[in-house]
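These notes are about the structure you will find just below.
A, B, C and D are the chain letters, set down in written order, and residue numbers restart from 1 in every chain.
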Amino acid sequence: MSAPAPVLATLLVSCPDRRGIVAALAQVLYGHGANILDSDQHTDPVAGLFFQRIRFDLSQLMTDRVALERSIAELAERFSMQFRLLHASRPKRLAIFVSKYDHCLYDLLLRQRAGELSGDVAAVVSNHSDLAPIAAQFGIPFHVFPKAPDNKLVQEQRELDLLRELDLDLVVLARYMQLMSPGFCEAFPQRTINIHHSFLPAFVGGKPYHQAYARGVKLIGATAHYATAALDEGPIIEQDVVRASHRDSVEDLVRKGRDLEKVVLARAVRSHLEDRVLVYGNKTVVFD
Amino acid sequence: MSAPAPVLATLLVSCPDRRGIVAALAQVLYGHGANILDSDQHTDPVAGLFFQRIRFDLSQLMTDRVALERSIAELAERFSMQFRLLHASRPKRLAIFVSKYDHCLYDLLLRQRAGELSGDVAAVVSNHSDLAPIAAQFGIPFHVFPKAPDNKLVQEQRELDLLRELDLDLVVLARYMQLMSPGFCEAFPQRTINIHHSFLPAFVGGKPYHQAYARGVKLIGATAHYATAALDEGPIIEQDVVRASHRDSVEDLVRKGRDLEKVVLARAVRSHLEDRVLVYGNKTVVFD
Amino acid sequence: MSAPAPVLATLLVSCPDRRGIVAALAQVLYGHGANILDSDQHTDPVAGLFFQRIRFDLSQLMTDRVALERSIAELAERFSMQFRLLHASRPKRLAIFVSKYDHCLYDLLLRQRAGELSGDVAAVVSNHSDLAPIAAQFGIPFHVFPKAPDNKLVQEQRELDLLRELDLDLVVLARYMQLMSPGFCEAFPQRTINIHHSFLPAFVGGKPYHQAYARGVKLIGATAHYATAALDEGPIIEQDVVRASHRDSVEDLVRKGRDLEKVVLARAVRSHLEDRVLVYGNKTVVFD
Amino acid sequence: MSAPAPVLATLLVSCPDRRGIVAALAQVLYGHGANILDSDQHTDPVAGLFFQRIRFDLSQLMTDRVALERSIAELAERFSMQFRLLHASRPKRLAIFVSKYDHCLYDLLLRQRAGELSGDVAAVVSNHSDLAPIAAQFGIPFHVFPKAPDNKLVQEQRELDLLRELDLDLVVLARYMQLMSPGFCEAFPQRTINIHHSFLPAFVGGKPYHQAYARGVKLIGATAHYATAALDEGPIIEQDVVRASHRDSVEDLVRKGRDLEKVVLARAVRSHLEDRVLVYGNKTVVFD
């Protein structure tokens, strides 16, 4: 008789660090018949916080999901623990926000089609209709919410209504060229990922590639982070750089930046969808 | 009343994968009063093997080290587990083998002095006396075993006698330009680290940098691995590369290779000294 | 009165190294009224060879293109020089060969559409019809030449006929999973670019990612090179690597390899299309 | 009869871009019998500036150095050109400024001893005596100028007197932990190289590694630049980064930063000593 097909789930926990947490969690899972496949743990000794990601197989559970979740909740109470229990049988749902740049959108849709992302793209949302054909080509619904200074909050409210209706796990701002109001970011806390350039040293304001060119930087970078009310300063999920030289024109820097934005954003989205990211304070734990 | 100073230990285990290992290990440690600080785990689903590294604090142990080790040994027997229990209070001891190149030797000795390596350099061993002044400058005993085709095995035996007398945890071949006989490598299995160049595509034989130059490679690389009877083919611990171009002369490639060898070897040595490396088959698990 | 729009051309030369080449070339260009915008030069002291790439503006030429080319040819004769004179007004034409993997094809077509590649994709050629919809979507003609052991040379001849008819400057083997016969590669010498994995240490034979997994490599790599009769051993144009760890499954390695293949191939194609690559012996000069 | 030993020189020029510069320079060198070995050129189309680095052999000069330099000066006048003519027969002289950190000092001294740097270290200068033994070990004069708020300018004047007496080409601030006054930096314009951390996004103020830790950065970086009156904002010569993760403590970040500072500073110093760097505005051209 062969083993049953695996039924995967992931538990993410964070709590004040104290003795016995690892043993207690392992004991609860083992007691219900869950088989731990992968476990990664981190303690921040400065903040005094404990973090763990446990991936396990429920196919030979001796109780049921409700009983398991109740036991975990009891443990969480005892250790003042925050936790999320995520079942692989329910794939994550994401929406991608874009404006006119298509490189990140194409990259994410192609990765989804190649089976690289453990999630379904439920919608593409934009303030312009330019990229509608790309969404169509991949069979994804496309929603346009044009924005003007006088209708921004109204349109954001309509976007939020749509997102809630779609029951989303993640919003990806894939070079969406509109500043979100604080209210929008707070509506999906730790579930909205943004990508932006990040130069060495950092440049603020418009035309960052022109600034980088004028400064003669030897590296250009990109940062993916959770959007917060202070848009570009949320918890960093992933960063990377590529080399530049005096031979690079502004156009070359922009091109290198595009390649970088694609890969950095995709890595961050992938980490989120695989439940590898825990946020605390203004920083993250990203389990490999 | 403040907490007692931490008393750190690390447990490395590997065994056939099965249900309940994580819970059992955590329970044993918790039961004795050990506090898990850091735990990293890996399952190789292809090989069906389980690996874990647990770092914990023994300062509030409710039993004693002997009792704890006995309990772990009992568990190990039950799960057909191999394990190593390492106490931070006993610093690792290493010997560095060199010939005439000094860059890796200097690098390791400076890192040790800067407190980067959790180990003591007990000896520098060479087949030449050239680098004796460097060892002297850092106050490390230097031993010369000149080698000729007709005395190689005799000299290796004398080296092995010295290494055993020094009670070593690690032998580092830091650009030691003598092939070790299989017997030597087997005397310190998984405790002898070697560094060698590794080009894309790999070149074998003498003058590798000349071969790489002739081939016009765009990257040069270095690999640190455990020495085995097949010297350059043991389990890989760390690898890295740097870019090269047509502008690089053979001398430039050699210089870039030196910088790379230093950093790749140092990372591998550091991982070993911190008990982060587990070997199985011909490969490694290197916990971050 | 404003300056006339620039009329760009590139001159690539190689010859035995001797005194006065740089001055003679600059003098000829200057004498005809060509304005040098960019010049890069390299001498291989081992091979005794001189290489130069000169990009210049012909908009204020005082003679004409024929006269300029004749003067360059005379100079070339005097210095035993090989040269290519390429006019930007004639965009390069390329064909992309694919089988069933679509990642490199998508990547190249999107880059062309974004204006990153200075060339036109004249055709997509395949031994299967699977990727025809992608070519259609970008409006590129798609040609299928199914191959079997008994028709390979016949089909290659038909492919060569097509390529000659299309008047191509470059053939890109974008994960084309058929070994080309030596005759095919020799028909487009230094004009056929191939991409393949290149591990540290290199693995040969089938299932390279499985071999890399079994070996526990810490880096995976890709190499773009000109195809020669010895397919994977032609002159290297570009190489790169990404890090791997014990946590990467074979599928993860394959996914990382895909990302790497795309970017390494695109860089090589871009260098070729911008006339930055000179081949000599089995190696390249790639001017930045 | 064999060729005479090469007598190398380097010419660095910058001027407003116009037609005929390359030809004129090549013609002057050729006319005097100088043989161009290597030439690299760059045009900044935005600034309208032309830059060139020419390395040549004077061993078969048909005139003499004075006549050659006079001809170059005449040409420079005609093209409003700034130029530097540097003879390899006169090795560069540098001073290294340090405080208490020894990693960059050791790295530079070891590289010099290995023949990697084309220059002589004429002095090590410090505000503390801690690192005197390292200078002694390499046989380099060590000068201490202790600094206090009330003697800073006086001590800097003494330092400047020493530097002038030593006839230096380069001052390297190798983790020298004293802010230089504007007057000092202006005394050696484009000849004082500094190294500092540079995070993504950049942190200012004290304890940068603590700030980076608090922010959860995924990369740490280092920047080598020419010191200017605005100390950390001078023209960038070289930058690089290494990856970090939540597992890195502040001490780990500091250690990784040390490794990075060494290599980034050494590359910048090497580029300067080989006359590869041209400064304009607040940026650099660094020829490979």
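Definition applied: a contact is a pair of C-beta atoms (placed from the backbone, for glycine too) under 8 Å apart; a residue touches a chain by one contact, two chains touch by 3 or more.
It should be emphasised that the depicted structure is a prediction, and the values quoted were computed from it without experimental measurement.
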Original post:
Quick one: which chain's Cα centre is the longest way from chain C's?
Top reply: B
Original post:
Counting in whole Å, what is the centre-to-centre distance of chain A and chain D, each centre being its mean C-alpha position?
Top reply: 42
Original post:
Just curious, how far off is chain C from chain A if you go by their C-alpha centres, in Å?
Top reply: 37
**OP:** Pull out every residue in chain C that's touching 2 or more other chains.
**Re:** 42, 245, 247, 288
Original post:
How is the touch graph of the chains shaped: line, ring, star, complete or other?
Top reply: complete
Original post:
Which bits of chain D are touching chain A when the two form their complex?
Top reply: 42, 44-46, 198, 200-202, 213-219, 221, 223, 235-241, 245-247, 249-250, 281-286
**OP:** Note which residues of chain C are touching chain D in the complex, please.
**Re:** 19-27, 29-30, 35-43, 60, 288
Subject >> Touching residues on chain A, where the partner in the complex is chain C >> reply: 103, 106, 110, 114, 116, 137, 245, 247, 255, 258-259, 263, 288
